[in-house]
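Letters are used for the chains, namely A, B, C and D, taken in the order the chains are written, and counting of residues starts over at 1 for each.
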Amino acid sequence: MMGLPMMTILIFLPLAAAIVVAAIDRKKTGALYGVGLAGSLAALALAAVVFVRFDPDQAALQFVERMAWIPSAGVSYHIGVDGISLPLVMLTAVIMPLALLSAWGSIAERIKEFVFSMLVLETALLGTFLAADLVLFYVFWEAVLIPMYFIIGLWGGPRRSYAAVKFILYTMTGSALMLVAIITLYLHSGPSLGARTFDLAQLRQLRVAMPLQAWLFGAFALAFAIKVPVWPLHTWLPDAHVEAPTAGSVVLAAVLLKMGTYGFLRFLLPLFPQATLQFAPLLSALAILGIIYGGIVSWAQPDVKRLVAMSSVSHLGLVTLGVFVMTVPAMQGSLLQMVNHGISTGGLFLIVGVLYDRTHSRLLGDYGGVAALMPRLAPLALIVVLSSLALPGTNGFVGEFLILLGTFRANPVYAALATSGVILSAVYLLWMYQRVMQGPVAVKERARMTDLTRREQWLFIPLIALIFWIGVYPSPLLRRSEASVRALVQDVRERGNAAHLASHESRVTSHDR
Amino acid sequence: MVVEVIIFVFAALGALAGGLGVVASRLPVRNALSLLLVLGSLAVTYLLLAAQFIAVLQVIVYAGAIVVLFLFVVMLLHRQLGAMSPDRLRWQGPVAIGLSAAFLILMLLTLRFATNAAAPAPAEFGTVESVGRALFTSFALPFEVASVILLVGIIAAVVIGRPASRPVAAPPRSSAPSPVGAPRR
Amino acid sequence: MVLEVIVALPLAGWLINGLAGGRLPRGVVGAIGCGTVGAACAASVMAAGDPAVAGGGLTATLFTWLSAGEFTVSAGLFMDRLSALMALVVTGVGFLIHVYSIGYMADDPAYARYFAYLNLFVASMLLLVLGGNLLVLFVGWELVGLCSYLLIGFWFDRERAASSGRKAFIVNRIGDAGFLLGILLLATTAGNLQFDRLAAASGGMAPGLLTAATLLLFAGATGKSAQLPLYVWLPDAMEGPTPVSALIHAATMVTAGVYMIARLHPLFLHAGYTLSVVAAVGAVTAFFAATVALVEWDLKRVLAYSTISQLGYMFLAMGVVMMPAGMFHLTTHAFFKALLFLAAGSVMHAMRGVVDMRRLGGLAGPMRWTAAGFAVGGLALAGVPPFAGFFSKDLILEGAFEWAQRGGAMLVWIAGLATAFVTAVYVTRAMMLTFAGPAADPGHPHEAPAVMGLPMAVLAALSFGGGLLGARVAGEPLLRYLEPFFVDSAIGVLKDRPMPAAGVITALPVAVSLAGILAGFALYRDRREVTLGALGRFLSHQWYIETLYDAVIVTPAKRLAHLLADVVETRGIDGAVNGVGALVGRAGLAVRGLQTGFVRNYAAAILAGTILMLGYWLFR
Amino acid sequence: MSVPLEAYLALSALLFVLGTTGVLVRRNALVVFMSIELMLNAVNLTFVAFARQRLAIEGQLAVFFVVVVAAVEVVVGLAILIAIFRTRDTVDIDDVDLLRG
């Protein structure tokens, strides 16, 4: 398009800003944050252009850029966007400026390093969502860990090093296995595709015989499931969230977790359709367990951040369910719900951050009656809470309804069980809202509970606007994802079943390499 | 060609004697001088092997610069160089000698793979010109990298060698102690 | 266009009062709050006059809301005879209560927030009744629940108010989960959620599926309309401001379940025994709530249980296929129950918030008009002719009797009759304890200001004359108006009603009501505390239903949550993760001795490794 | 080339082993350094010997680079040595064991 490598510019714009930040004097706080914000806002503007010019009727990748990177190893720099990655790219582009803005005034130490890390993180995230080559994807996927590790480990709470190490070890365990699977795929691609390649589009043609396909599926699924996190692989999440600074929590919840569910859609399903169909019931069952378990456990948390973190387990259980029931509405709902969860849970963490900046406490017991002291925060917080519990009219409902609709079509029992999440989310979120905002004023230092500053208000205004926009008029998003999702569902169903029939005459077996 | 053999034998004996001196002598100055003997002897063998440029390099850089550097350090530290704490690794010596012997035997065993069929060297082989031509054409990049490494080495030596705890004397104008060199937090 | 305006007007009021209300003078806030609803009322009258409403219905499609796969739902509004009636009730009663609120809330610091919430409620309720398909209805359905939550917990600094609001929301959510599943079932089988398409498809759907779907929808209705088993939130909802109780928890929102069944009556009619369940639930709830109201001391909670009971009547009417009568009772109930609440609010206003009837009494003197209003409402509630409640309740009981004769359970009719008696008793009790006798609390009660009195007067007039809408002598205009809508259902019953049999059946409820009033008068004449012994204890614990819920659901759920969070999560799942970590750490400790710190050791190790590799290469 | 290749290689091996012995046995950091130089020179000798036998000038270039790196190494190494000596007052490498597990 226009001869400009739009996607490359989009990915590396934040990195360029990061380099500029590195050159700025560390005492100039305003300039550091200003450049960081400008970089991420520029990326947002570019992403918006992509969003507008995106052709909703096309299922394949658009804005494709492709060139050889390591030709001898079949690695290419292949990027592009389709209906599955577009919402997540938009989400990343929206959340990062907000996260940076939330840190402005909240993080006072090593600002330069912080802004630098955040911008590098944005580049890595955008790259993860736009890569169409397995090696490129893996590089970005792992690159995300590094800035996130530092964000938790340097600017986190008292147990930050435990949380950071747990986060990085847990997620790397999964991705190490994925790397093995990627290389195995590469080795198999030679005999049947003519030349060995890491290119996703070509690897999709590959038909891996069944026992091996199941193993590869398992390796990929584990890496993604840890990231999501699918129950019972979730325990790194509460620790990471509790210890991370606000901006880190926001990005972690809003975007990082979506890497897992995005991975399901982008890699797991198209690469291993047969294994997907075979293991979908297992993953659906885990997802439902996560919905219920996360909801119940959230209710009993004394720590606000931990509560919200556990609620993510529940919400992402629903997203995972939507992926694996393999119907068009459910998958579109899943995709939308990824965005919605980013907005609402990101918002919840921003609220917690605003409160934490004032009281330096995360315990529900230390709050109470905040609405009387912060009358501007209370309605904004309520809207975010309502969005998170999927009240109709807010974004959460649209996603949840579509997931449940698609799930019901595939399996009414799943849908009935998943609907319990609707009740549970109301239970724990309203419990939280009441403990923090309502009741007699129980905060110890009233004087510190000043209402939102102008900067803090601007954190919420975009989120609230998005909540209502997606809740009332989600068509722009749904329309752009429909073609790709439909193609994916059809592809997986056809090849999954066809492979089942033709597995004995498969051209690739596990011993030829 | 017997001359060559004789020269080689003398050079080899010199090198071995020097090597023994480096390892065995308890006097640092003697160690350094033994090293000089090794380097010189090897320079002679290089000449036998049609490597004039390398031989010259050996004398200038190794014998001329490096050994001198060693001697400077010996001079700087000479008082304490003899003082050693009691040996805490009593097994190390015998094990080391055993290992070294085993390694030597293995290496000598590899000699049976050597093929001994060398053509006479052309006149220009190993001259400054031929080495220089190779260095500035196909090996230009490594050459440049080597220069960078040298630069980095110089900087590193300056930084490491500077006294860490004491800051460089601050200019008298500023009253506050200048934190140059001290890590900033 | 007019439909959008009806919904948009209160929505605009919400936006203005919500965003800028804090900076506006009170008069302007009140004017916006009332004006938008009043204008919506006028617009509703205009829309209802549109010939399209009487015909196939007035539709307005705004845009495609959801579209995924083959499934499409548009954001659209729709008005036919049924929704016209509902819109008029909502905006009409709503307007009166808004006006009343100007006086009632005059001293509240959060005046603007109050009107913003109230306007949002009216907008949501209008969305509910004017929704063009089931999903839009559901949006309104949930949003009115939100408004209910917000207004119950309006004085959020009171722990009880906040908890009651939360309870209301969660209990409603339980019902709504069923409702949502019902919608999913219908969407999956019928493929569409337009009301007319659903009605058309209902004939061809498998009866089992249809029964399941309608039962699920009814589960939602039991939550929203506070029927057994999900009634528990409504008595607690009385923590909110009294006008809110009048508007949301008596006149409009709680009737949404009834409206929903009326709206989807073709489905319910085709769905096997669902309607029998509805009738049974309605009858049991009506009787249960009335008996509890008999022993309640809190004036507002008496009215709350009364509302539950009257809603039971409406469901009873729906269940026995007397749907027009149910809608008729919905309308009259909106008048007289709103009146009763407003009168109670007037009492609270005068007595500075006292609602315990043991501390009230003798208010008939200083608050003559309020007492008169309460009396009119009470008589209407008791079903004394010619007050409005008489006509509608009578029609329902007639329907129940005929239903029994056509093979239904006679018990439903008997329960309805018994409820009529109990209703008369408790309303007399409330009247006596509040207004009769000597003043129990030495205060200076004063009559409500005109801005509160006027709406009560209008409602009193409607409670008195509203019965004409369905009275036979007046030609049953409301029932005739609704007939075309229910053309394939209850109208058959309505038309072929054997007139002679009605004599005794009509007389019986009246007699029962009068007997109840007399009994109440006799019992509470001298303000005795009638305890009723063990029965009284049973009743004052609401038949131990909430105790049962606490023991069986709430407490075990909390225990489970703590068990999972404190044991399974930390020791089980995370314990396993940390256990793996600890295992690796211990292995590291074991081999750490190899790292001696002596460079010479390391060098020896390197050499040994080199020897091994060289040896392997040489001798392989 | 009348002196056989094996002779050079054997000389190289002997020098190398002398170097390793020095590194393993001696505790004086300065002597250890010299022993390392000895090993480097042994390797250089093989390079030059093979370069002569195969008439490949690259072997000699490798020596060139080894010499460069060795020079840097000695400079930096001796600087470290002096820094250690300044703080710990010793040149016994056994006294520097901060990496003990």
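Note that in this section contacts are C-beta pairs under 8 Å (C-beta built on N, C-alpha and C of every residue); 3 or more make two chains touch, one makes a residue touch a chain.
Small disclaimer: the values here were computed from a predicted structure and weren't measured.
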item	value
B-D against B-C, pair bridged by the larger set of C-beta contacts	B-D
Computed distance of Cα centres, subunit D from subunit B, in Å	6
Subunit A-subunit B separation of Cα centroids, rounded to whole Å	56
Interchain centroid distance [CA atoms averaged], subunit B/subunit C, Å	91
Approximate Å spacing (C-alpha centroids) for the pair subunit C, subunit D	89
Overlap residues in subunit D, where contacts from two or more other chains coincide	20, 24-25, 27, 94
Contacts with 2+ other chains: residues of subunit C	598, 600, 604, 607
Multi-chain contact residues (two or more partners), subunit A	none
Chain-chain contacts as defined at top	A-C, B-C, B-D, C-D
Subunit C residues within the subunit A interface of the complex	18, 63-71, 75, 135, 138-139, 141-143, 146, 149, 153, 156-159, 162-163, 166, 169-170, 173-174, 176-177, 180-181, 184-185, 187-188, 557-558, 560-562, 564-566, 569, 573-574, 577, 581
Residues of subunit A touching subunit C in the complex	166, 169-170, 232, 234-236, 293, 296-297, 299-301, 327-329, 332-333, 369, 371-372, 379, 386, 391-393, 397-398, 401-402, 404-406, 408-409, 412, 415-416, 419-420, 422-423, 426-427, 430-431, 434, 437-441, 472-475, 478-479, 482, 486
Subunit C to subunit B touching residues, read off their complex	598, 600-601, 604, 607-608, 610-611, 614-615, 618
Touch list for subunit C against partner subunit D, complex	592-600, 603-604, 607
List of subunit B residues in touch with subunit C within their complex	88-89, 92, 95-96, 99-100, 102-103, 106-107, 109-110
